[in-house]
Structures are given as C-alpha cells and as structure tokens.
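Paired with subunit B in one complex and with subunit C in the other, subunit A is shared by the two complexes that follow.
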Partner chain A sequence: MSVEAREARQPWILLAPALSAVTLLLFVPLLFILVYSFWLRTATGADQPGFFLDNWREALTDPFYRDILLSTLRIAAITTAVCALMGYPTAYFIARSRGDKLLMVLLLMLPFWISYIIRTMSWINILGASGAANAALMALGVVSEPVNMLYNEAAVILGLTHYLLPFMILNVFVSLEGIDANVEAAANSLGATRWQSFLEVTLPLSLPGLAAGGLLCFVLGAGTYITPLILGGPRDAMFANLVFEAIITQLNWPLGSALSLMLLLVLGALVAIYNRYLGMTQLMKGLG
Partner chain B sequence: MMGWQLIRAWAIAVYVFMFLPVGVVVLLSFNDSQFGSFPMTGLSLRWFAELWSNEAILRAFRTSVALGLLTALISTTLGVLAALALVRYRVPGANAISTLLIAPILVPEVVLAVALLLFLDFLGLHKSFALLLLGHVIFTLPFVVLVVQARLVSIRRDVEEAAMSLGASPAQAFFQVTLPLMRPAVLAGGLFAFTVSFDDVTGTLFWKPGGVETVPTQIFAMLRNSISPEINALGTAMIVMTVGLPLLGAAIARRLAMKDGG
Partner chain C sequence: MSSVLLKNIVKRFGDFTAVHKTTLDIPDGAFVTLLGPSGCGKTTTLRMIAGLLDPTEGDIVIGGRRVNDIPIHKRNLGVVFQNYALFPHKSVAENVAFGLRYRDVPKADIPRRVQAALELVQLPDLGARRPRELSGGQQQRVALARAIVIEPDVLLLDEPLSALDANLREDMRVELKRIQERIGVTTVFVTHDQSEALAMSDRIVVMSAGRVEQVGAPEQVYNAPASEFVANFLGASNIVPCMCTRRGPEGATLEAPALGAIAVPAARAPKLREGPAKLVLRAEKLQLLPEGAPCDGRITAPAVVETVDYQGQTVRYFVRIGERQFQAINLIEERPFAVGARVVAAFRPQDCAGLPGT
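Moving on, here comes the complex of A and B:
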C-alpha cells in the first residue's frame, strides 16, 4: 500500500470506534423504536410485530397527550424567553466590562459542574414552606403563614431557568465578543445615540448567539424529565414524564416508542429549521 | 451612564440568582436542626457524620464512582481517537462527522434513553450495569469530542514532523512528543466524562436495574419523602466532588505543563 493510501486510511481507523458506538447505540436504536412503534402490545403483555397504526393514532389524537405536549412546549417557550431576558443584559455586561471577564465566564461555567438534581432541589430550600423566602417574609412581617410557592408551574419554570440560563448567557457572550467594538464606536461617531447603535448595530449582530442560546434552552427545557417531578405538582407533568410512564410504569413499549419519536420529531423539526437558516457552527461555538 | 449602572445591577442580580440557592444548600447542610430547613439552630457536622454511616448512600456513591471511572475510560478513549482524526487529518465530510458524533446530546435524553433500553433489551441485554455503562458512554462521548477537539487544535503537526526530521520514528514521535502534549486535553476529556456521568439522572433512571442506585438517583429517591438535612449534606459533598475535582485537575494539568515547559 502506498504512503498516501495509508495516510488516507488512518483517520477512518481512528474514527471507527466512535462512529460505530454512535451508530450501534444511537442511530440503530432510533430506527428500532421507529419499527417498534408500529407493533402492538397485546392484552397478554406480549408484543405483536407488524404494521399497526394504533400507537400513533393514540399518541396523535388522544387529547391527554396533545395537551401535555402543548403545555410542555409552552413551558419551554416561557423558560427560553425568561432566559433571554435575564441572560442578554448579563452577557452584554460581561462582554463590555473592563473587569475580569475570564473570572465572570468561569463563574458561569461553575453550575455545569454542580449536579443538576442538587441545583433543582436547592429551590425547595428557598421556596418551601420553611424555606428562605418564607422565613424572610415572615421575619419581615409581610405574611403570618407560610405562602405556598412550590409544586406549581411557576416553580418548574424557575427551576428550568436556573438550569438553562448559563447556556443562554454563554452563547450570547460568544457572539457579542465576536463583534468588533469599533463598529459600535463608528455608529456613535456618525451621530447614533448609544441606544440607537445598540438597537441597530449590536443587537442584530448578536442575534445568532441569541438564537443558538434560545434553541438550546428550548430543546433542553422541552425534554426535561426531572424538574417537574421535583418542583412541580401532580398536574405539572411534562412530555418526558409521559414517556417514562408508558415505558417503565405501564410497560407499553410500542406506545412509549411512538411517544418518544413524537417528542424527537417536534424538537428535531426545530433544530432542522435552525440548521437551515443559521447552521450548526454557531451552536458548536457556544458548546465548545 | 445610568444605563450601564442598570445593566450592572441586573448582571449582579443574575449571578446572585445563579448561586444563592446552591449557597443555601451548603449553609443548611451545617444546620444543627433535625429539619432540613430554616431557621438555623446552630452549626454542626452531624449530617456529614450521618452520611458516612448511611449504607445506602455509600453504596450509591461506590456505584457512581465505578460507573463514572469506567465511562470516562471508554468514552475518553473513543473521543480522543475521533478528535485526533478530525483535528489532524483532512477528512472528507468532517463537519457531517462532527455532527454525527455530537448527535447523542442533540437528541432529547429521554428519547436516547428509551431507544437504547428497548433496542438492547430486544437483543437480550436487559437492565443491568452493562446497559447503564453503555448508556453513559454514548451520552458522554459528545462532550469528550467537543472538549478534546477544542484543545487539540493548539497542538500543531509541525512539532511531530520536527521530531521525525530529527530521526524519530513515527511511533516514537507520537509517544514521546504528541502524547505528552495531549495530556491536558485527555485529562480534561476524562474529567468531563466523569462529571457528566456522575451527574446523570434521566438516562440512569431508565437504564438502572432495580435496587441499584447512583448518587443522583438516590437523592431523587430521598426527595420523594421530604427534604432532609442529610440531602443538603449530600449535596454539599457532591458539590465539593464535582467542583473540587476539576479544579484539582486543572491545578495538576498546570503543574504538568509547567514541568514540561521548564
């Protein structure tokens, strides 16, 4: 074999283990549940292979599933908006600050190292009946009885925001850092007010970062399983909880397959739209 | 500069929002009270002592560490090889391959968990430690690829070529020049894989066999009752582990880099 041919083969040898892992442990299983979703769970508990549309009909037409899908998307959308509102000015502050940017960014990465379940349950210490918020309100004499702040949709959104905010800030920060500071200065020198130059120069240029952060927040938020279980009430189930219910509790695997794929299709469509207009590179920048 | 002051106050509030709840967990873990909540009745280490004698938690801890280490070992090996190929060779379709490799984190975790569970069960591999390990490997692989790739870019091929022009064989050049330079990248990838694995709840709840708990699923099970001071202490211990370990790793990496440099 020539040197060139060996040189050309080398990267594929290096890639082979990782690519086979992703193929065998992700793509083939995804194809498998696509097939599985057309099987039928019979009354005896055995799966009947075949091409039945029953699971898909149930998943798509049962108002119970539809309502939870819609409320899942609503919770994800509100969370994304709150993250943008809280995150954008913060990212702007870090990007334009004369202080220690590296430290501020590192502090934002710190939560990634703190267990998700700890961060989520930490809100019980704040919002619970004997949590910090109630303790403070009662000490100040605002209320005499503890206020019920936990186990509702607002608490779920709060927990998700807490979890997803760093993704938003980091993505916006990366795109703000990429804007040449002179551009804004040029706009100012040409007579724009600071607010005008922000609205017409900086904001549009940072939209790709905002979009990447928004996509991450939305997709991760809509796929959440744990947060509604810890901070939500019995009526705050999200779509991932339904999937768990079907697969682990009811052991109806064909239906669970159809529900999983439904979630994947809805969120995948969003990623595809994003990819079509903005490309994956912006997302990789924020992740790396 | 009113506007700037406002933005600054906003940013400070956001940082407080990020860290206050975690700070409260740490604070309450030292609370002497037998309820995991306010008011603080005194400082005490008793909840950490309780942790130490709680067999279920210790077992979960051992499971998590074993799982995390094995995951890190496998996932880092796969990830480093792939990152090497992507960074150091001109691979046709490199962008598509990168996207394929990070696909496991683009797919919602629940969907990944269901697909893997059902497929491997169909093949005869039921819920087990092995299934859990395979799940953690595939879930951590994208993080390793991203982290290692970002760090490998700075190692230029010239260095290796220089070694070879000075008479080193390709193998010698790789093992004596490239590999030592890669050490921080490999360490970072491994740490990342370990922490992501150590942290994972959702996939783990689908994959774990009955009776086996990792630290996060143990916390989750304990939360079903109510928040106890023990959970806060466990939370603090986890924070020390997952934040302290990478900091220690970074310090070691810096020490190694300094030694190699000087």
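Moving on, here comes the complex of A and C:
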C-alpha cells in the first residue's frame, strides 16, 4: 500500500469506534422511530406496519399538540433569558477575577455530581407546603397559611434555570476568557468609561458565547420532561411529556414516534439556523 | 503635550514590591525609554502612568496636574499595547475613530482626522479592513494611529515592537521615531531591547528589580554605566575587580591585575573613590591584534584565544588574559583568529569606565 493510501485511511481507522457507536446506538434507533411513525395503532392495541400518515396528521393538526409545543418553546425561551441575565454577570465575575478561576469553574460543575432528578426534587423540600420557604415565611409571620409555590409554570422555569445555568455560565466564561484584557483597557484609554467599553467592546465580543450558551439552554430546556413532571402541575406538561405519555402510558409507539420526531425537527431547525449564522466551533469551545 | 512627573511612587502587590520608591521627571516632548529585563517594574510603571494601576504611594503628575484620582478615560493618553489590542469586531477606520467619538469632535470631522492618522502611519487605503486581515506590522501601525489621532498629552508604548519579526522591528523603530518627532508628543516607551532603547530615546531609564539603576542619555548610559547591572544589560562588558589608586579632578587611575595602570576619565568614573573598584571594559572596545602589531598608545596585554563565536560580520572571542577570561567582540578583517592563537589584547583607557566596589 502506498504511503498516501495509508495516510488517507488513518483518520477513518481512528474514527471507526466512535462512528460505529453513534451509528448503532443513535442513527439505527432513530431510523426505527422514523419507520414506527408511519405505522398505525389499531383498535385492538396492535401496531399495523405500513405507510400511514395518520400519526403525522394528528401531530401536526391537533391544536392540543400545537399549544403544548408553543408553550414548551415559550418556557424554554423564558428559561434561556433568565439564564442569560443571571449567568452573564457570574461569568464576567469569574473571568475578571484575580482568584482561582479553575476552582470557581470546578465549583460550578459541582452540581453535576448530583443527579438532575435529585436536584429537581430538592425544590420540593424548599418550596413545598411544609418546605423551608413556607416554614420561614410562617415563622416570620408574613403568612399564616402555606403559600402554594409548587406545581406551576414558575416552578418549572425555576427548576430548569437551576439545571441549565451552569451551561450558560461556562459558555459565556469561555468567550470572555478569549477576549484580550488589554482590549478593554485600550477602550478606556481612548476615553470610554468602564460601562461604555463593556457595551461597545466586551459585550459584542462575548456574543458568540452568549449565543452558544443560549442554544444549549434552549435545546436542553425544550427537550426536558423530568422538570415539568416533578415541579409542574397537570397543565404544565411540556412536549417531551406528551411523548412519554404516548409511548409509556398509552403504549402508542407510532404516535409517540411522530411526536418525538416533530420536536427533533423543530429543535434541529433552531440548531441549523444557529450554525448558519454563528457556526458550531463556538459551541465546541464552550463544551470543551 | 505635557511633562510627566512621578513623585516617590511605590507599587506593591500584597507582599511583593513591584516598584520601589521611584522619582522620575519626563520633560515635555521627550522620548523616554524604560529599559530592563522582564519583571523589573517597567510595565508596572507605565500602567501606573496610564491609570491602569493605582500607585500604592506617591504622586503622578501629568502636565502639572496630579492625576492619581483621575480615571484612565479622562487622562487623555495614547496607549499602544504589546499585542496591539485592536478591536477585532471593528474595521480599521472604526478602530481609529473610537477615541474621537468619545471627544468633542464634530461628527463631520471624524473621517478626515481618521484618514490623516492612517496616512501618517502609511496605511491610507486600509480603513475598511478588519484587524485580522492585516499583518502584524500593519496592526501595529493601526494601534499607533488609534493612539495618536486623539492628540494625547502623553504617548505610552508598552513593548510595541516585540511581537514583530526582526527586520520589520528595525523598520518600525525608524518609523515610530519619525512619527514621534513629527507630532512632538511626550513619549514613554517600555522595552527590554537595548538596541531599541539606544536608537530611539532622548533618555533611557534603566530599571532592575523594581528600582531605577540609571537615568541618562543613550551615550551616557552606554559609556558610563552607573552600575554593574547597567554595564552588562547594555551590551557585553568585562567587569574586572581592581584598585583605584588615585582619584583627581581629571579622572581616576585603576590598577588591574595583568592590565597595569589605566587612567579613566572623570566623566566615566563619577562615583569612584580611592580603594577597591571595578573596571568596566566593553567587549567591543577590546581589540585583538596579532603578536607584534603596532599598538599606538593603547594598553596591551598578551592573551590566548579560548573560544571563537563566529557571527558573520563580527566575531565574539573569549580570551584568557592572566587569570581571567575576557570577552572581545571584533569586526572581522580578513579571517578570525583560531582557538589557541596567541594574540595581543588592546584597548584605550578613555574607553573604560570605573565603578566603586569590591
């Protein structure tokens, strides 16, 4: 074999383990889901193979699914905005701190050592009728009866923010770290106050990180089903809960498949738009 | 334009003192270089003048006004950073216009002044480009244009040439000096490169470990170093322990082993007293001659070549004279001496300097 041919094969040999894992564990099952979505669930409860558009018609036209999709996107958008508002100052503080940045980033990652479900359930102990917040309010005499703080949309957004905030902070932190500190100093030396140089120099230069963090928060937020399940009320279901409901509760795999692909397509379109304008490299930087 | 006065400034970071009590007077329109190795406090000093760092003690006076409590954005200084610090998301013209937008410059005048600044740095046609599309040398010029377009009271340059490659660095050195002379702005230049300092400055401030070692004109610092550190930092010097046997108004006589009596002029031995001393003999001033060559009044000593470091136009020899090894940097005429050659080392006493010490 020639040297060229050997060198041309080398990347494929190195990629083979990862590629086969992704193909076998992601693309093949996804294909199954795609095929399933065109099957039909009959009245007897058996799935009839074939090419039926009934599930897709139901998923795309039923206002019930449309409303929940819209409210899912709205909750994800609000969560992303809250994460950006809370995460940016935090990331800025870490990036500009003279202390041990590595330690601060490590502390940021600390919650990931605890299961997301446990972290979500911990809010019940804080916001529940006999939780810490109500106990404090009653002890202080602010209220005489426990306030209902759980099982509504605000609680879902709170739980999602708790889960997603580190992703936002890390992405913004990485992009702020990439900005030469002298650039801000240069703006100051030219007559801009600290606030002006932040608005005109630092903020625009960190936008790619903010966008990457925003994309991650939005996609992860829109795809969640644990948070609304634990912290939401019966009317706070998000789209992934519908998929769960269809597949696990009703055992209607064809409809569940169509619904899950629908969410995948909507979120995939968002990622494609992001990639078109900002590219994936920034996201990779944030994750790495 | 303004003078700069540093009055007893001290900068401490925790327990570490970056700049010990320093007083420095930089006259209006002067080109003053802070020269020293990394960690000597030169950049810290510059950043204190700029307002990027606050002095722990002492006053900073610019144009007769104490500026300690005036924030950087109100000091009207032009700063050029080592890595240029251009705004990557703005065009070259927008970079240069940045400072003008924060001043009372009529909007209609901005493009004209930006263009004039770009012409001054010889980049008249690149206003629409982005910084990353420019070479290092061009980015450097844009950074300079951005700093001078605001007509600063003082221009502060923090190792502006060190990121350029060697040829470009020498061109930019000439260019920078030309622009500075043309606009006549008081300039503080920070570098660790002695040839930059010698070529460009009206005055050099040599710093070491947070202290000023010597302040003087380039010739003065080069010819009459005030300390062993200065003698070695600006070029290579041979430092020879000796005795000062006589000190008079016209000079001093130094007795060095194997070299005999050397009469050093007073200007080159200002601090010398009778007693233990050090002779400073620059490597470029120690000439090797073939045995028996005429030495027209110079001081001579027999020497043996131990190492030959060939550098094309010049050669650096390490030779043994008596008990000591000396360095000699000579122009090559015909062919350099070989290792082991017996030669005569010759120098003029008026080229030597004397330092007190043991």
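One rule holds for everything that comes next: the second predicted complex is superposed on the first by the 275 of 288 C-alpha atoms of A that agree within 3 Å, B and C clash if a C-alpha of one lies under 4 Å from a C-alpha of the other, contacts with A are read in each partner's own complex, and residues count from 1 in each chain.
Convention: contacts are C-beta pairs under 8 Å (C-beta built on N, C-alpha and C of every residue); 3 or more make two chains touch, one makes a residue touch a chain.
Values in this document were obtained by computation on a predicted structure and should not be read as measured data.
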item	value
Touched partner set for A:201, first subunit B, second subunit C, both or neither	second
Residues of subunit A touched, compared between subunit B and subunit C (which is higher)	B
Which superposed partner A:189 touches (first subunit B, second subunit C, both, neither)	second
Which of subunit B and subunit C A:14 touches, first, second, both or neither	first
First (subunit B), second (subunit C), both or neither touched by A:180	second
Which superposed partner A:116 touches (first subunit B, second subunit C, both, neither)	first
Subunit B versus subunit C as contact partner of A:64, first or second or both or neither	neither
Partner chain(s) touched by A:51 [first = subunit B, second = subunit C, both, neither]	neither
Residues of subunit A that lie at the interface with subunit B and also at the interface with subunit C	194
Subunit A residues within the subunit B interface of the complex	7, 10-12, 14-15, 17-19, 21-22, 25-30, 32-33, 36, 86-87, 89-90, 92-94, 107-108, 110-111, 113-119, 121-126, 128-132, 135, 162, 165-166, 169, 194-195, 219, 222-223, 225-226, 229-230, 240, 243-244, 247-248, 253, 256-257, 260-261, 263-264, 267, 271, 280, 284, 287-288
Residues of subunit A defined as touching subunit C within the complex	180, 182-183, 185-194, 196, 201, 204-205
Residues of subunit C touching subunit A in the complex	50-52, 71-79, 81-83, 85-89, 98-99, 102-103, 146-147, 150
Parts of subunit B lying in touch with subunit A, wherever the complex brings them together	3, 7-8, 10-11, 14-15, 17-22, 24-25, 28, 35-39, 77-79, 81-82, 84-86, 88-89, 91, 95, 97-104, 106-112, 114-120, 122, 134-135, 137-138, 141, 145-147, 149-150, 195, 198-199, 201-202, 205-206, 215-216, 219-220, 223, 227, 231-232, 235, 238-239, 242-243, 246
